[in-house]
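Read through the structure below, which is laid out as structure tokens, and then see the notes.
The letters A, B, C and D name the chains in turn, as written, and every chain counts its residues from 1.
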Amino acid sequence: MDINVSNKAIEEATEKLSNWGRWGAEDQIGTLNTIEPSDIVNAGSLIRKGRSFGLGIPLDTKIQTGLFGGRWNPIHTFLATGTDAYAGNQADNGLQYADDAINMPIQGSTHWDSLNHVYYKDKMYNGYDCRLVDSKGGAKNGIEHTREKMVGRGVLLDVARFKGVKHLEDGYGISNDDLDACAAAQGVEIRKGDFVIIRTGQQEKCLKSGDWTGYAGGDAPGVKFENCYWLKGKDIAAICADTWGCEVRPNETTEVNQPWHWVVIPAIGITMGEMFYLKELAADCAEDGVYEFFFCAPPLNLPGGTGSPINPQAIK
Amino acid sequence: MDINVSNKAIEEATEKLSNWGRWGAEDQIGTLNTIEPSDIVNAGSLIRKGRSFGLGIPLDTKIQTGLFGGRWNPIHTFLATGTDAYAGNQADNGLQYADDAINMPIQGSTHWDSLNHVYYKDKMYNGYDCRLVDSKGGAKNGIEHTREKMVGRGVLLDVARFKGVKHLEDGYGISNDDLDACAAAQGVEIRKGDFVIIRTGQQEKCLKSGDWTGYAGGDAPGVKFENCYWLKGKDIAAICADTWGCEVRPNETTEVNQPWHWVVIPAIGITMGEMFYLKELAADCAEDGVYEFFFCAPPLNLPGGTGSPINPQAIK
Amino acid sequence: MDINVSNKAIEEATEKLSNWGRWGAEDQIGTLNTIEPSDIVNAGSLIRKGRSFGLGIPLDTKIQTGLFGGRWNPIHTFLATGTDAYAGNQADNGLQYADDAINMPIQGSTHWDSLNHVYYKDKMYNGYDCRLVDSKGGAKNGIEHTREKMVGRGVLLDVARFKGVKHLEDGYGISNDDLDACAAAQGVEIRKGDFVIIRTGQQEKCLKSGDWTGYAGGDAPGVKFENCYWLKGKDIAAICADTWGCEVRPNETTEVNQPWHWVVIPAIGITMGEMFYLKELAADCAEDGVYEFFFCAPPLNLPGGTGSPINPQAIK
Amino acid sequence: MDINVSNKAIEEATEKLSNWGRWGAEDQIGTLNTIEPSDIVNAGSLIRKGRSFGLGIPLDTKIQTGLFGGRWNPIHTFLATGTDAYAGNQADNGLQYADDAINMPIQGSTHWDSLNHVYYKDKMYNGYDCRLVDSKGGAKNGIEHTREKMVGRGVLLDVARFKGVKHLEDGYGISNDDLDACAAAQGVEIRKGDFVIIRTGQQEKCLKSGDWTGYAGGDAPGVKFENCYWLKGKDIAAICADTWGCEVRPNETTEVNQPWHWVVIPAIGITMGEMFYLKELAADCAEDGVYEFFFCAPPLNLPGGTGSPINPQAIK
């Protein structure tokens, strides 16, 4: 496709691709509706080796570098420790134990974005008013509605390996043709209701170097704006990547920030997974040539949440 | 069994049931080692209806009532809101969006406890010194080691339904015979490597009444101390319940607090799941008579964590 | 005064009492402008005994009981401990030390409210649009503007003692006449630029019983709505009390919640201090008969904050 | 003085300078005991111009750069906003209002360190066992004991100005002779019970450049180890500076980290103030030649805290 990315292109894509009302006026989960029970049963049959891959990056990775939105790196503190136990401070017929706590932005590490995370012209997916998300929570489209829905067939599209590189360069826009060619080369078909996971290799570059500058909000490889048409055409359940925001940065326009987001969340209603850790899964897929698997990535049951931290499981 | 629960009984059980060294001196995941790849493949075949049950209780449930350890109810705050968007405060070519954050004790809602959560005589599972868990984290036996391991066959033992009650009474000690009789009545076999989930109904009582007084640290139905022998005998992967702490309270002794914990985590090395939400899963199992399912409950990848909040999936 | 408290009464008081523009269109500190340098110098001369009274209630007091706004009790966690040091975990030529952190709602314990805390018809004090306070902060009227202003003459009005009771009853509305009679009985004059502190005794009742039910948002003694006229007439700098919200609860109307607040913060622009701990100061004033003192209650320098936790000092 | 800074020098200084027992076996405030009521009264007479200087740096300054102890920059979040009000989400007869919260390490910005912050050979000031500070709090020497004590005579020693530079260079060790010469040049006497504040200018360099790299834990100007003898000789109440840790970095030895701290907190029992914002106070003192003032810097009343964030007031 040859799209001049702009406010106009966003408006046009929004009109053409909208799923508002497709699953009823009350729907709050969007494209997760594309998954049929039979898809889940079929996906179960992809469990052949009995190995699960955890796709959550360690929460102590210092990803956030201050570029966007006041997000911080997860803070892990202890309410009780083994040193307290050792010191004899828990001796009063009590348990010797440790307790801890986590304080983190939802979008601070590997996570789902839910359908109340991004708006277009003051509206959420399915037409809900954006004012329904305030400091007290998100009254509509919160992540809790997906709490039993993140199960089905997963497919890895290892674009970096397909292109023969360790990682795509920052600013490289993955085209729809790239995705189709990658799937063909991998011998895997994209089907309605799939969880599609794109590997750019960018995260592994950061993991290797230890340098996360720019990862969270700077330049990155990612899908081009045209990808919104691909998503809708394939009718997939969710789109995931190993980058901060799935789409290419710098964006293809300076008119708006993150143009693809403006369409895919509010109009299409697709759940998005970001910062997936893919190294070992990708190596395994390259080795056995099997790029499909059972996928299970339950969000925390956080009412009103704009998403959830996750540790997705790809089970082969 | 007829055990006089005491420090002596704990010491005796520790000696008899210890799994230290069984999976090597470096092991950090304990009984999760009992799961074979073939168990996971076989569990995949239990996915027959294509329906997943989310077992995480909503994080806005006010469970913590101040009885134990300074834990608080999860705090959900927003870094950006739809009302900000509506007010025009995100207008500068920016995304209209909301962001949020969660601050919660690991043990504050549905969660896994990892093997660095409880100690006995200054030692963790597999002999690690409890001083390895300090304010900076847990250098051994942290939850991150289980990040790909929480997958396999799940079995529900609906003891409340088996006993013909909506919920077991606080203080009711579930015996090993109760568990065996319940499994037999349900027509389900407990196997090596299983994730066994016990339903007492206590949580549903609280959910119905809205009164959580005592749920987190007060009296409760739960397994008797003798259960540690049952766990080891069955060689299961993990034990879970719908209560705060799995074991009966008041405890069967006043000598120590939570005697069963003193054995099952440090000696046996079993991962424990607590505060599971079981209402709909239990209703479904009662209806179709199938008490086994594919189970997937990935923890967050939290290095050094004493556990993780989770939303376990039982997939039938 | 005899006011029928209502939306209409609020509107009327707003018109009559407004300080908008009085200290310029750019002003962000309201009645704190009433303090002249000479007032501070004169207040210095009230330091006669060389004793300071700390008016901040301990931060571990469990004040918040869930009645209002999702506020929580302060959470105090440790990043390093003496037990870590003792365990030898800080041995690498390092300091033996402890570190901690505090996580608290600004309005969760003894605090100042700043002029961006309450609005009337979408406007803050001095006419600023309430949209200037969003999830990213308060662009106008934040507490940081008062960072050098909380210094001057303090006066205690011990209404409970004046009335001959340990504590005023919940629902007791303190009238303007009560305040004037109390000041007269105490032999103290209220002057322009004063920090006036009202003691109801309610907090001490809770401290004694340990029961905080209702303290934060339930019924309470406090000033009547008519007090807004008194504040303006006296032209004081700030009004403080030992209660959660200074004004009487149940409010004198059911039309609106906290009617006095609707006038005194947005229209008059007065800084308000709440939950002051007054026991020892009040005892000392009763003993020596001196109800005036040097007052210094610096807020944290929190840009955009709607207030600050404080430990005010009354120095005699 | 000519000290070869080492473990041995620390041991020797500890023996010579110890204040253990000086104010009784139960004392928990150390050198703050040096302040007499008459000192406070006299300090009141230093209030001559009626102007207060706030010495707390804004809490949104990004000081923490990951060099030490897992500390983070203060996190300021909102529980309610003006945009919520504007959106009509608070319309139900409710107040229009905003609420916020602060989550910060005690040592993350301008703060007091209390006497349970640093230990020597497992002991706190006055001989208390360091195990008394665990994940649950600090049972001894917590900041709450000083809640009414941070009041008295303050003196600024503007070493940078005295040396004729905008800021002392990182690594510059301020000698005792420097301090005495600076005081003499300023015409101010250091007295028993004083709050002494040292200005190096380093913070202003960072504020000007916006570059905080190294400020929190990297190289810095500061007092030499010998300063511990000066502190004890002068018998002052507290020592404060505009730097992260008062003492010179790199330290004068590689044997230990922060050698001066090892002596002054545990042995001398001096309260320490760090990261004070001094620009305007220093300019004023230079202008009027008056380097003494009334000082009031109340800590939050945080039981067991290793310190407190503060906004100290220097009142002239």
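Heads up, the rule we're going with is that contacts are C-beta pairs under 8 Å (C-beta built on N, C-alpha and C of every residue); 3 or more make two chains touch, one makes a residue touch a chain.
No experiment lies behind these values; they were computed from the predicted model shown.
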| item | value |
| --- | --- |
| Interface with more contacting C-beta pairs, comparing B-D to C-D | C-D |
| Interface sides of chain B and chain C: same vs different residues, half threshold | same |
| Reference interface A-D: repeating pair among A-C, B-C or A-B with over half of contacts shared | B-C |
| Centre-to-centre distance between chain D and chain B (centres being mean Cα positions), rounded to whole Å | 45 |
| Approximate Å spacing (C-alpha centroids) for the pair chain C, chain D | 27 |
| Per-residue multi-chain contacts in chain D, two or more chains | 70, 77-84, 86-87, 89, 101, 103, 131, 134-136 |
| Topology of the chain contact graph, where touching chains are joined (line, ring, star, complete, other) | complete |
| Residues of chain A that touch chain D when the two form their complex | 62, 66, 72-73, 75, 78-81, 83-84, 87-89, 103, 131, 134-136 |
| Contact footprint of chain C on chain D as seen in their complex | 36-41, 43-54, 56-60, 69-71, 74, 76-83, 85-86, 93-108, 110, 116-122, 124, 129-135, 137-138, 144, 147-151, 254-258, 261-262, 277, 294, 296-307, 309-313, 315 |
